Amino acid sequence: MRITPTEVAALSLSIKVAFLSLVIMLPPGLLAGWLLAKRTFPGKALLNTFVMWPLVLPPIVSGYLLLILLGRHGFIGGLIYRVFGIEIVFTPLAVVIAVSVISFPLLVRGIVTGMESVPVELENAARTLGASPVKVFWTITFPLAYRGIIGGTILGFSKSLGEFGATIMVAGNIPGKTQTMALAIFSAVHLGEDASVYRLVFIATVVAFIALWLTERFTLR
Amino acid sequence: MRITPTEVAALSLSIKVAFLSLVIMLPPGLLAGWLLAKRTFPGKALLNTFVMWPLVLPPIVSGYLLLILLGRHGFIGGLIYRVFGIEIVFTPLAVVIAVSVISFPLLVRGIVTGMESVPVELENAARTLGASPVKVFWTITFPLAYRGIIGGTILGFSKSLGEFGATIMVAGNIPGKTQTMALAIFSAVHLGEDASVYRLVFIATVVAFIALWLTERFTLR
Amino acid sequence: MGDSTNIRLNFRKSLGSFSLEVNCTLRTKVSAFLGVSGSGKSTLLNCISGTLTPDEGEIAFGDEVLYASASGINLPPEKRRFGYVFQEGYLFPHLTVAQNIRYGQPNPRKSTDAITVLEIGEFLQQYPKELSGGQRQRVAIARALAMEPRMLLMDEPLASLDSALKDRIIPYLHHVKEVFETPILYVTHAFSEAMALADEAFLIADGAIMASGEPHQLLTAPSAMPIAQMTGVENILFLPVTASDKARGLTALEIGDQSLIIPYIDVEVDEVVPVAIRAEDIMISLDPNLAISARNILLGKIQCLDVKGDRTWLSILVEWHHLAVKITHEAREQLQLREDLEVYCVIKASAINRLWD
Amino acid sequence: MGDSTNIRLNFRKSLGSFSLEVNCTLRTKVSAFLGVSGSGKSTLLNCISGTLTPDEGEIAFGDEVLYASASGINLPPEKRRFGYVFQEGYLFPHLTVAQNIRYGQPNPRKSTDAITVLEIGEFLQQYPKELSGGQRQRVAIARALAMEPRMLLMDEPLASLDSALKDRIIPYLHHVKEVFETPILYVTHAFSEAMALADEAFLIADGAIMASGEPHQLLTAPSAMPIAQMTGVENILFLPVTASDKARGLTALEIGDQSLIIPYIDVEVDEVVPVAIRAEDIMISLDPNLAISARNILLGKIQCLDVKGDRTWLSILVEWHHLAVKITHEAREQLQLREDLEVYCVIKASAINRLWD
Amino acid sequence: TTDKQKPIELSVFAAISLTDALGEIGAAFTAESGIKVYYNFEASTTLQRQLEKGASADVFISASPRQVVALETNGLTEAESRQDLLTNQLVLVADETAEISVKTPDNLAIPEISRIAIGHPNIVPAGTYAKEALTHFRLWETLQPKLIFGMDVRATLAYVTAGNVDVAIVYKTDTTLTEAIKVLYALPSEAYTPIIYPAVVMKSSQRKQLARRFITYLQSMQSGEIFEKHGFTFLD
């Protein structure tokens, strides 16, 4: 089985993006997860819907909306372009953003499920021991939600590898630069290169297998 | 806001498909979730990868592989065509299958997280009370995993609404027949019918909001 | 072979650095396991119930082998049908109290009784979260009873209950044992509960059974001094009722030719009742005609004197019964006690507790 | 105004059909709350700790208002700094024992002591799952102590511990109270624990405080007969040591001009120690010269006789102390006891228990 | 024939750019013939893949002859059934507010134009034609660093409106998709092979006669008017 240099680049980009987007999404994911799992407030269902949005919309549409937002004429993209002189669209950064947005709901849902299952009694016990809500969050809620967080991470990571619709919109499909594994596979499908499709699918599968296997080993107590 | 008949058809198809695919995927989802959460066996990481597969692959590729499998020349599709004389691809059934396959990993992960958090002590207590493993599953593990199952269901349902890549591959984009909301939105985007895009996105969002709000109400204790 | 409710335990189980190793046969209806915290009591019950698998050995219930490492037998818990009252309760949080109780047996014959005695009828529709600690513990007992088990495994079931409640629950357990012929394996750190219930007691320490015997044997046996010191000593006597006076609140028991007066109990004449007397509640006198409020002045003979630390232990034969008595050395010296001396055991009626039956 | 460790409780909290309503001030260092299962003890502690918010009313710790519905004050638990030993323990399952103990205070000054006394040093590196029930309970105590709380809330902290352990932990709690001046609010269903620890006891029933007072007052007060019956009566005396004989294992206390002999305690002469005697462990005699092994024959005077059910309760003034004594009617008749009669109280040394200090 | 056993309907796989026009024509056809038409609108290459993998359709209308040729080569189409329906033109578009002017193809090399979007040459027919045109003007190699490949028409145009490319080469018909662009320059038609939308009857069709009838209908004047209304050039 021979792998071309662009395919190697795609693989390495995919893996980097998957990790990076997890790291970037974890803080807002934890915040949103905590709000949804542990708080009640008016508009909670709205926040919930907002978080789920990228999942409810076809990824290509999310990508389209992202493009509108991040483009040089867009609200965010324009601002960044004027202030920093950099462009987001068609860069690996755009890939990271697209992948992050799309996998965000998966991560958050996992976190919500995990945090919902942390008994409020343990959190209360921590507070009687003098822990502020912030300390309780980091020392009790967060670590005890690990199953859900891992679940969300697995979903988010897997989706990162497979994300395609939004990525292709905001990042283009520039081999060696913004072409992820998913885009490479997509291209191969479209070109009818079945052998290439199978080879790339196999590689993506192996990456996922390794990630899942490591997660399992790592979380076994 | 006026909705065209094809849009109504798309909306109704999306909702039907979302529910149907949940119903269809729940039994295998529970089985896979239980195996992954409660059992250890050789090849567990393989099963895990297999379940996550549709998420790891770009949906269009999953769809492509499904098409190959279910098409008239495909292994399963060919068999069914020869035996029953019916064709699966490009029918609403194909939509259900595509959506089910794509949302399966989301559902299973939720179930796994939920079941992992059910204390084995409670399951043991049930067994000392004479419950067979099957009874324990249905009366203890399953209901106590509800948070995760609901989490997975929310993800699966949301994804059902937004699924596009696999659907368009195996079911096509046939207005009035296999065109779901996601595909209708895709078409509208393609045709530059921005008003239509916004209207459909709004409708999809409202459907998701209602579903999430109902879930929240329903599971509040 | 063997009586059908014989329970043979002969296995080993390691947990981290702790190791439980038992080799004994329970022949009796109620066996109590006593031991300090961390001695392995819960581990033992877990192994018997089938929720924990031993490392090796054998467990048998009558003729039925439940576990045998050699032949690979390991009956799952649901096939053992032992009602297990877990130390932690383990109520099902998603089921109401009533549903919890019905879990093991949809139409439990015994549950009404149990619900009444355990005083849980008021909150049958509540969820475990809405119960107090003691209420939860009682529901756990009711749940195990309702399944009509072949044997009851109870892990400190009364630990968080007040004594008034205990005093109502213990007779009910006796009733269960007698009427339904359900053997009970009772784990406790409270000797009084063991005394009140058990036919045989086992002292477990550091994962091994250190001593066993009838509860009062376990205490009066000179070898059992450490147990006595650990748990507070008691004498147990099984004596027939000779008369009962409800108005005066007294009942007389026959101890050989003498009479033992105890607080009134509602029992037919001639019925045999078990009573407990703590060794330190018995005084020794040389004079039978004391002008004292104590109701019982029993003649006996000192069998042996045992100087242990700062107290003297006496074993006194009263009629056919051995009484363990604990007095100060001073008293021994002053009264010049020695073996074979005839003495009077002075016991207040109220110091004698009837055990449950 | 008021002493800084006064605790004012004046609030109402409903849970389902249950309602807790308290209005009292705790002025003492150790307050015990006694009550049957489901009477609202845990609910009370939850409200004081801040983990449960009352429906209305006020809770104050000295000058500091912790909760006041009127002014909308509700101090969060972490600001209250009350060490809470929960009935269910609530150890953090993902932390080792050592990490659990350090949670509230990374450099606890007191924890080495606590770890020693609670005998948990051996499994500091284990996780809660790997502990026995009693071990978990002890870790929960250590965790609350280590945070150096302003007050300790303890919900049946010794329920699943054997008496030998209890006897080592209770003195340590006394030590904490004395040395660190930490007030303790102690919930229990065991009167003996309340006796051993508390300066003031509250009887709680059905969500309301039924009676309060010094533990022995609560028992000897004629109004408190139901309490006495519920919990088993005791007399508490605070007496100075006059002599101690380690070899003989005896210590003499001064009760007016008379002497009370108790089992040896390692205490300086003249130090005052509290001791407990159960009402039923005291016998009455008219003759001071009994040839009996009982060490104590104290002269007293019958203050009042009280016929309750099948027993006679006597209140006997011995020097300046009131002793509650329970005897049979028969004994009363036979000895012809009446008010103002001088009698001898016969008490075995071993029937006198020293309370912890 | 099997035509009578099933409800009479026609399955038409068509390039997504034809959605609106074919929708109207289909309605008219149904009104006239009573035959219901089901369309599957997707990118032509996707349709090609689906047909290759065993999808059954009666009629395939592609945005480029390439797909049809590929299917013909595989023997999946009905011989002699191909009819060329429409033609289109390539135009160069820019954002409505852009101040660029392009008079000749060589102008594409000016520094004001830093990025040019075209459809992916291997995937999107418009991209194939664009590549042909650029090659014709010997710009394909020199412009390489400036080129961005859109995965479909929509993406290609969106890059323009989002401001991330300066110009794009698209079909003339595509310029109706958004009002935020303007046409700068129409590429000379000699630079690329004529853009043809062919229709073909599929071999797997069980209603080949009907399919032919539908294609004939597409070539009728009524249909032509509708196509023209949507910006296509009708081939008669």
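Order of writing sets the labels: A, B, C, D and E. Residues in every chain begin at 1.
Here is the rule we go by: a residue touches a chain if its C-beta (ideal position, glycine included) is under 8 Å from a C-beta of that chain, and two chains touch if they have at least 3 such contacts.
Every value quoted in this text rests on a predicted model; they were computed, and no experiment measured them.
Undergrad: Give the rotation angle, in degrees and rounded to the nearest 5, that superposes the C-alpha atoms of chain A onto those of its identical copy chain B.
TA: For the C-alpha superposition of chain A onto chain B, the angle is 180 degrees.
Undergrad: Please identify the chain with the largest separation between its CA centroid and the CA centroid of chain B.
TA: Between chain B and every other chain, the largest centroid distance is to D.
Undergrad: Of the chain pairs B-E and A-D, which one is connected by the greater count of C-beta contacts?
TA: Greater number of contacting C-beta pairs: B-E.
Undergrad: Would you mind pulling out the distance in Å between where the CA atoms of chain A average out and where those of chain C do?
TA: Centre separation, chain A to chain C: 60 Å.
Undergrad: Quick one: report the Å distance separating chain D from chain E, using the average Cα coordinate of each chain.
TA: Averaging C-alpha atoms per chain gives centres 90 Å apart.
Undergrad: Could you give the separation in Å between the centres of chain A and chain D, each centre being the mean of its C-alpha atoms?
TA: 57
Undergrad: Which residue numbers or ranges of chain D touch two or more of the other chains?
TA: Answer for chain D, listing residues that touch two or more other chains: 88.
Undergrad: Could you tell me which residues belong to chain E and also touch two or more other chains?
TA: Each of 46, 49, 154 in chain E touches at least two other chains.
Undergrad: Two or more other chains touching the same residue: where does that happen in chain B?
TA: Only 64, 189 qualify.
Undergrad: Once you've mapped the touching chain pairs, tell me: line, ring, star, complete or other?
TA: Looks like something else, not a line, ring, star or complete graph.
Undergrad: All pairs of touching chains?
TA: A-B, A-D, A-E, B-C, B-E, C-D
Undergrad: Which positions of chain C touch chain B when the two form their complex?
TA: Contact set of chain C toward chain B: 49-51, 76-78, 80-84, 86, 88, 90, 92-94, 103-105, 143-144, 147.
Undergrad: Enumerate the contact residues on chain A facing chain E in the complex.
TA: Contacts found on chain A: 64, 67-68, 70-74, 77-78, 87, 89-90, 168-169, 172-174, 187, 189-192.
Undergrad: Please name which positions on chain B make contact with chain C in the complex.
TA: Where chain B meets chain C, its residues are 121-122, 124-133, 139-140, 143-144, 146.
Undergrad: Which residues of chain D touch chain C in the complex?
TA: 15-16, 35-38, 41-43, 87-88, 126, 130-135, 138, 155-156, 159-165, 189-190, 230-232, 246-250, 261, 263-264, 280-281, 283-287, 290-295, 309-311, 326-332, 335, 346, 348-351
Undergrad: Under the stated contact criterion, what part of chain E meets chain A in this complex?
TA: Residues of chain E touching chain A: 45-46, 48-49, 52, 95, 120, 122-123, 148-151, 154-155, 158-159, 161-164.
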